[in-house]
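Quick one: the structure is below, and I'll ask about it shortly.
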Amino acid sequence: MTDWLQHLLILPILLPLAVGAALIPVDERNRMLKGLFGFASTLAVFIIAVILMRMAANTGSLPARGIYQLGNWPAPFGIVLVLDRLSALMLCLTAGLALAAQVYSMARWHTAGHHFHSLFQLLLAGLNGAFLTGDLFNLFVFFEMMLAASYGLLLHGSGPVRVKAGLHYIAINLAASSLFLIGVSLIYGVTGTLNMADLAAKLATLAPENRQFVETGAAILGIAFLVKAGMWPLSFWLPPAYAAATPPVAAVFAILTKVGIYVIIRLHFLIFGAAAGASAGFGQGWLVAGGMLTISFGAIGVLASQAMGRLAGYSVLVSSGTLLAAIGLGHAGMLAGALFYLVSSTLTISAFFLLIELVERGRDAGADVLAVTMEAYGDFDEDEEEEEVGVAIPGTMAVLGLCFCLCAVLLSGLPPLSGFVAKFAILRGLFDMPGTDLATAMSATDWTYVVLLILSGLAAMIAMNRIGIRTFWASIEGTVPRVFVIEITPVVVLLAACIFLSLQAGPTMRYMQAAADDLLNPLFQSERILSAPRAGGQ
Amino acid sequence: MLPVFILAPFAGSLIAIFFPSDQRGATAWFAGAIALVCFLATAGLYPFVASGGVLRYELDWIPELGLNFTLRMDGFAWLFSALITAIGVLVVLYARYYMAAEDPVPRFFALFLAFMGSMLGIVLSGNLILLAVFWELTSIVSFLLIGYWHHNAHARDGARIALTMTAMGGLCMLVGLLIMGRIVGSYDLDVVLASGDAIREHPLYLTVLILLLLGALTKSAQFPFHFWLPHAMAAPTPVSAYLHSATMVKAGVFLLVRLWPVMAGTEAWFWIVGLAGLTTLLLGAYFAIFQQDLKGLLAYSTISHLGLITVLLSLGSPLAAVAAVFHIVNHATFKASLFMAAGIIDHETGTRDMRKLSGLFHYMPITATLAMVASAAMAGVPLLNGFLSKEMFFAEAIETHLVNALDTMTPYVATIASMFAVTYSLRFIHGVFYGPMPKDLPKKPHEPPRWMRAPVDFLVLACLVVGIIPAQTIGPFLHTAVVSILGDRTPQYSLAVWHGWNIPLIMSFVALSGGVGLYFLMRSYLATSVEGPPVFRLLQGQRIFERVLVTLSWKWARSLEQSLGTRRLQPQMCFVVVLALAAGAFPLVIGGFKLPPLLIRGVDPAFALLWVIGIACAVGSAYQAKFHRLVSLVLLGGAGLVTCITFVWLSAPDLAVTQLLVEIVTTVLILLGLRWLPKRIEQPEDTEDLPFRIRLRRLRDFLLAILAGGGMTLIAYTVMTRPLPDTIASYFLARAYTEGGGTNVVNVILVDFRGFDTLGEIAVLSIVALTVFALLLRFRPQADSLETPEQQRVQNAFDDDHPERATGDSIAEYLFVPSVIMRWMFPVTGLLAAYLFLRGHDLPGGGFAAGIAMSIGFILQYMSGGTRWVEERLRIHPLRWMSIGLLVAVATGAGSWLFGYPFLTSHAQYATLPIIGKFPLASAILFDLGVFSLVLGATVLILIALAHQSVRAPRAHTRAVRAEKEGVR
Amino acid sequence: MRTWFPFPLLSIALLLMWLLLNQSLAPGSILIGLFLGMVLGWVTLKLHPARSRLHRVSRAAGFALQVIADIIRSNIAVASIILRARRVPANAGFLTVGLDLEDENALALLACIMTATPGTAWLEYDRRQKILLFHVLDVQNEELWRGTVKRYEAALKEIFQ
Amino acid sequence: MTELAITWSVLLSQIMLALAMACALYRIVRGPRAQDRILALDTLYINAMLMLLSFGIRSANTIYFETALIIALIGLVSSIAFAKFLMRGEVIE
Amino acid sequence: MELILSAGIGALTASGVYLLLRPRTYQVIIGLSLLSYAVNLFIFGMGRLRVNAPPVLDPGGVGDLARYTDPVPQALVLTAIVIGFAMTALFLVVLLASRGFTGTDHVDGREQRHD
Amino acid sequence: MSHLTDLPAWAALAVCGLLLLGAATTLIGSLGLLRLSDFYERLHAPTIATSGGTILICLASMLCFAVLQSRWIFHEVLIILFVTVTTPVTLMLLGQAALYRDRFEERQGVPRKPKPERENSP
């Protein structure tokens, strides 16, 4: 009698939440069991995400089941979950990364501390919630959920380095969270609504003296998001934190910055879209400037970092900057490319994070073992005898080297992989602006952006080249790293995903284009949300 | 048909990887077969191409962006692919014998095939972007090939420089191609070639030109980017023979030829290309003379020959283009053979240093002969192919195309350059094969194996044949290629050995005789001189490049990262605050913000007084936080209290209750933590001795704080004095009771209207509890905070030195009466919690408040009895409570699915039981129960985990010490 | 009965409290109150505090009145002291008095009373020597204070044993 | 008449209570002994509770009662914790 | 009313921000608590200030904004309080751990020359 | 919702009286914190607030609501009860802490621990 599919939309949030909760009291001794349950739920989420994405892709700009009114309260009043192409895409991406990281962690990293799998599931739930929700304050709640879990995971395994990095990370993000609250409440104070769609609808008809407060609120919100997205100069906490985190965690963290970006994309085009009247395109200049500065800083950092972990952290910054600036420039054509870039770079970076530890394990075996089995004492602590670190598969080095090469090519955006396709798409979008004459159509900013894009790729190439040579070629043929199969597989899978993206670039770009179009005329969607009927027909 | 050219090599390389590394022969045969297939396929396509047809193959890749997998073969492409595949076959054969047994051959051949594939891709691609793709691929693969012997430092450096240069150029070229595509409106090569005028007239033509040239010139090692090529000579000789003579370095000139119809013929083109070409031509030849390394000499000669081709292309006349294409082919043949010969020499003698080598003719006459012929071709001796193209070059050089200095210079430079060419060719022959018997060679030289020499034989033969009867051999192929480029602009030209007495011939004679003379002049010097030409030796491009690269990408980057970034928290916080202030102020400032009128009406003196106290508390606790932690905590409590009263005053009882409870727990929490912080000597510092910097920073922070506070005040006041817009609240107020089934609207919002928020919120709480728990399991207190606090020590000591007292008596006495009372408070607290919980839906209270209250009850017991005392009596399972709570909440929400309603749809009604009477029965209450259980669990877990440290830390300390001792042993 | 209500007194007290809180005598709230009293009784049992039985509850009321009277009196006294604290510095002092009250709860109650009445502050009680050290705000004659304490103690003894 | 009296007396008493809180605050800030501060905090809580009660009377609304009740019952927990900290150097041993 | 409250919010914010910028972890945590008070009051204020109009309906009643204060910000503040509490606890433990590992209570884990 | 002005005059006056008296008592008690010189003396000050002040104001509130809602209101009794029961805990602990301190620092005018004569400095 009831259409169960209609509840599909909320499962990506509830399933991990429930599993995570259920795993809490399970004893740490049978971690593997926990891991398996976690894996099952992550897998389920992934499948659901794929189904949702197909739904979103097939049916119109807003699928029939794309709106979920929690508690059966209609849109502006209750909380709604909204599914569209973009959110579906992010769900898929997240689940994919999570799957990889989960498998990877089950090799050994989840023994580094307690409650890894619960925290992991809860992080997943938080992320999905942040992607799906259509309500400003609910977004805050899920942000906090995600952040809290990320704190937990960052500190997973403890140790001075992680704790020091974590302290900064937490402090900064707590400050940002209070900014978030201020912004949200200010917006509520002048518009009297929390629903994003409703907000967009109301903003157009708002008295100027009130609108300027909406803008203030939005700006303050923006800072909160930019801290997460890692815009210069709010991003110094990021590289140390990401470098300090355990590999699987870092791999998932690759998506965290993208959450900030995602929300900015959402709100920017929804609230300050073309229909926003006087305050249309508010804050674009800031985004562009910040983004470009971030690219530069990230590129410099990439060049300047000796350890691979920091390099990866900085390349996170580069990708954030690229996206921010692309959003800020706001040419319709670029958006699709930017989305493609988002997916590709996220996959790449997380693969790289997973790879790093495997590669370095070969060089200084034992250091990480120390990190894993950081001697821990306590009443509840079971004995953690340090197990064999993987087995030396013949040709491991070759596989690792190949993966590294792929990472390098992807990071530096060299052909033929998706990194290149993404950059090409962005540039193409930039060059294909209306206006017959290119020379006049493109402003100095646009050219700067082009240059920065190229230079950042170059920087990545030089740095990766340098580090790669040092690691794979110059190193005396020492111990071949001992690696579990389930550790290398996720890396390979993620990279394979990138290759798939490059091969299937056509269909993917079509999807991205559609998603971009959704973003560019959001009001249509807003009406759908606000006019959605309640269940039970009352 | 066309995809085969790309697929076969790449597939082959994929397969080749998996050959066992000892199977040298098998791998070689496999690779050779692939190359041969490609060659035959090319050959098979000739008839079609010769008839002026253009083969096209198109496969969708990203049609939206106009990037398709388009392959296109016309005569020129055919010529090139023939070259690539043919020489490919020969090089494979050669490498089969060249590579040592211990080299990992499969990798070599895999990379080799991959390179062949991407090279073919360049020449065949019919889409500009696709061309760029393959272009970069060649860079990457060549990087791996050059670094094939990566244990050798030179190989690593050479590879890195090569990649950096070529990839850099490639990226620039990409942008150029993008712009070009934008100008034309398509990336398809046919379209591009069709619209030359549009490009040449376009204002961005110069930009495009420069970007493209950056690509082309870096790729084919033109001045000033030439220096990577000599360093790439660290590669195995087959690689050099293939990449650095026939294929990769030709990619640049290939691009120039490809785009010649649309780009060439302008002033800018002439100047830039011509200048680069001439310089390269001259310098390359000059440098080549002074090389002591065989391959180095060849490398520089390659550079100079490429310069020659570039010059030809720069001239912009069709005939010159013909000459260029012709010379491309010729150079490929003789240079490849020369490289192979050099390789043979290296292989058989073990050295490539010309100072050591001499008189080899005696040992390897055949090889010597071959090498002599080839280098004669290089020198442009008549009856060899090199001669023909060089004649054409001279002929073009003396033509005047544009009237300017460069054009007039060309013939002289050409002559001098070819004079140098003669010199270094002569040196190559004479120095290596003649003269005294070589001494102290690493190996005893002898002829190479039969099949290792075969490729050289073939190529040299080709040189001869083409040199003698060009029209019958190369002629038709050349023609098809030229036609495919120039179309109807194809000029009349004759490939004859003898054009009669004319200036070019004279120039050749001058060059030949001059070159010979020059060689014999410099001979003695060269026999002993160090590497490199006299003057220019000092400035080595690669050194400069390296230094620049290191400076830019390492030194500056590091210092910039230091200066632009920071690893300290305070500056970061500062940035956050400043940016937030800016962001907040920006819209108000540009929006023309006007201050609302100050209205004092309705100011309640008591309330005002209250807030005077509150503000005092806040400021005080900020002031005391450094040296009187306890006081600042107390004052914090005061501020919280005032906040709580404010909530009550402004009609928010729920908030007041929650705020109060939370504040109490927080205080206890921080007190628990305070024990682990370092003791701070309580001396309020005098600000005199502080350095100025610190005082300045404090001032800055103070101002920032004032600004932030002022901003908040301003915004808050303005918004609060404005009328409330029509908010969603009215909806809630109207339906809270009728549909939500509760009179306390706030609580109904929490558990029903916005129950999802609450779900997330309790999830946050549980996450934090887990984190805290997990982190504290790893907690390592500092040594100085390890021993028990001195109060306890003193008190216990007091007990100990009194025989009639047992340890812990004092504390027992101290706590005697209080603990009795606290124990009785436990059930009362429980009652209060139940009260708060049950009434929550209708009156202030609710699951959260109840949970906290209950947990406070537990904490009270811990305080009175101590951890051990309590846990002997009560088994508390906070983890279970949390888990159950969260699950209950979720399950309650999901329950509504059974009735076909969305998650968290609540059901409320008032049931009536006989005795009890009417009581509310809302599903929201169950949800609230979940909240209660979770909050209780989480709070208790956090507090207890912290409290356990006092029990555990000392024990752990002793354990750690013991462990260290054992470690020492 | 014992099994259900390990602490009848406690349970009754809780029930009363519950009714007071809800301000209703509805059977529903009575039931819930009983239930809560029972459950909390069990939990409290785990902490096993000292039990004590009441005799002569009748005396309690009188005692309470007496205490209240004392409280009022001492309130005024102390208030006056505070108000003229500037001029006449209070002559405060420590006093000790031996107690032979056994029951913990009774002692606790005594402590509460003494602290609740301004002017006397319970400081510490040495259980071995059964000596109570307390502080009074003005010691015009120590015996009076000791007398008061003894009086309370006697009353409590009567009630509790 | 009565109305006026009521308003004014309530206001007056609230002001007095606020002053009482001010005294407590003074003691918190001044010390001199840590015990003094905690004692003052305790007083502050009591005063706050009374303030709430008076506010309840003022607004003739019993809904604020629970807050006062909570302060009365467990508001003192924090000061107990403080006292324990002063006496034993840690709150829970 | 508004004036006093906003002044209070300002003062709380100022002290909180000042402490956030200090080098000692303890100062930072106190600052965060103060800041969260300020933020809570701010959110609360966004629903405008009403004396003695608590959003508790009479049984069976249908409320409106004329008689009751805006309940939504109160709900938001409740959530914010909870989350703030959680975060304070977390931060406290982290700073303890940092102090335990690094031996100092400086936010950077090592003493600067002069802070 | 009822309002204070609904009170009959006598009740109103009584309520006001009690309220004012209670507030005054509390104020005096807190003044004690200011004016008394020694910690042990100050220890007595808050008890005025907790006993006198609380009782009076609770009475006021009881009376007020009893009249307003025309039924017996008792639950302020709970407050009195709780306060009387809980305050001593803090005060005792504080007193003992102070006592311990003073003995430790051997301040004058502080009684030694009773009985075991020989030791006087714990």
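Residue numbering begins at 1 within each chain, and the chains themselves are lettered A, B, C, D, E and F in the order written.
Heads up, the rule we're going with is that a contact is a pair of C-beta atoms (placed from the backbone, for glycine too) under 8 Å apart; a residue touches a chain by one contact, two chains touch by 3 or more.
Computed from a predicted structure; not experimentally measured.
Asks: Check every other chain and keep only those touching both chain D and chain E; list them.
Replies: B
Asks: From chain A, count the fewest steps through touching chains until chain E is reached.
Replies: Graph distance in the chain contact network comes out at 1.
Asks: If I average the C-alpha coordinates per chain and also across every protein chain shown, which chain's average lies closest to the global one?
Replies: Answer for the innermost chain: A.
Asks: Find the chain most remote from chain B, comparing centres computed as mean CA coordinates.
Replies: Chain centre farthest from chain B's centre: C.
Asks: Distance between chain A and chain F based on Cα centroids, please, to the nearest Å.
Replies: A distance of 57 Å separates the two centres.
Asks: Could you grab the centroid distance between chain C and chain F? Build each centroid from C-alpha atoms only and quote it in angstrom.
Replies: Computed value for the inter-centroid distance: 15 Å.
Asks: Could you please state the distance in Å, as a whole number, between where the Cα atoms of chain A are centred and where those of chain D are centred?
Replies: That gives a centre separation of 49 Å.
Asks: CA centre of chain B versus CA centre of chain F: separation in Å?
Replies: Here the centre of chain F sits 69 Å away from the centre of chain B.
Asks: Residues touching two or more other chains, restricted to chain B: which are they?
Replies: Residues 567, 569, 573, 577, 604, 649, 653, 712, 719-720, 724, 727-729, 732, 754, 757, 761, 764, 767-768, 771, 775-776, 778-779, 791, 795, 804, 814, 817-818, 821-822, 824-825, 828, 832, 843-844 of chain B each touch two or more of the other chains.
Asks: Counting only residues that touch at least two other chains, what does the list for chain C look like?
Replies: Residue numbers touching two or more other chains: 17, 21, 111-112, 122, 124, 126, 128.
Asks: Note the residues in chain F that touch 2 or more other chains, in rising order.
Replies: Residues 1, 29, 31, 43, 45, 50, 73, 75, 78, 82, 85-89, 91-93, 96, 100 of chain F each touch two or more of the other chains.
Asks: Can you name every pair of chains that touch?
Replies: The list of touching pairs comes to A-B, A-E, B-C, B-D, B-E, B-F, C-F, D-E, D-F.
Asks: Touching chain B in the complex: which residues of chain E?
Replies: Going by the criterion above, the answer is residues 1-24, 26-27, 29-31, 33-34, 37-38, 40-42, 44-65, 68-72, 74-75, 77-79, 81-90, 92-97, 99-101, 103-105, 107-108, 112, 114-115.
Asks: Chain D touches which residues of chain B in the complex?
Replies: So the residues of chain B in touch with chain D come to 604-606, 609-610, 612-613, 616-617, 620, 630-631, 634-635, 637-638, 641, 644-645, 648-649, 653, 656-657, 660-661, 663-664, 667-668, 671-672, 674-675, 788-792, 795, 811, 814, 818, 822, 825, 828-829, 832, 836, 843-845, 853, 856-857, 859-860, 862-863, 866-867, 943, 947, 950-951.
Asks: Could you list, by residue number, the parts of chain C that touch chain F in their complex?
Replies: Spelled out, the residues of chain C in touch with chain F are 17, 20-21, 23, 71-72, 75, 78-79, 82-83, 85-86, 89-90, 92, 94, 96, 111-112, 114-124, 126, 128-129, 131, 133, 135, 137.
Asks: Note which residues of chain A are touching chain E in the complex, please.
Replies: 137, 141, 144, 148, 151, 155, 158-160, 163-164, 166-168, 170-171, 174-175, 177-178, 181-182, 184-186, 188-189, 194
Asks: Can you check the complex and tell me which residues of chain C touch chain B?
Replies: On the chain C side, the touching residues are 10, 14, 17-18, 21-22, 26-28, 31-32, 36, 39-41, 43-44, 46-50, 104-105, 107-108, 111-112, 122, 124-128.
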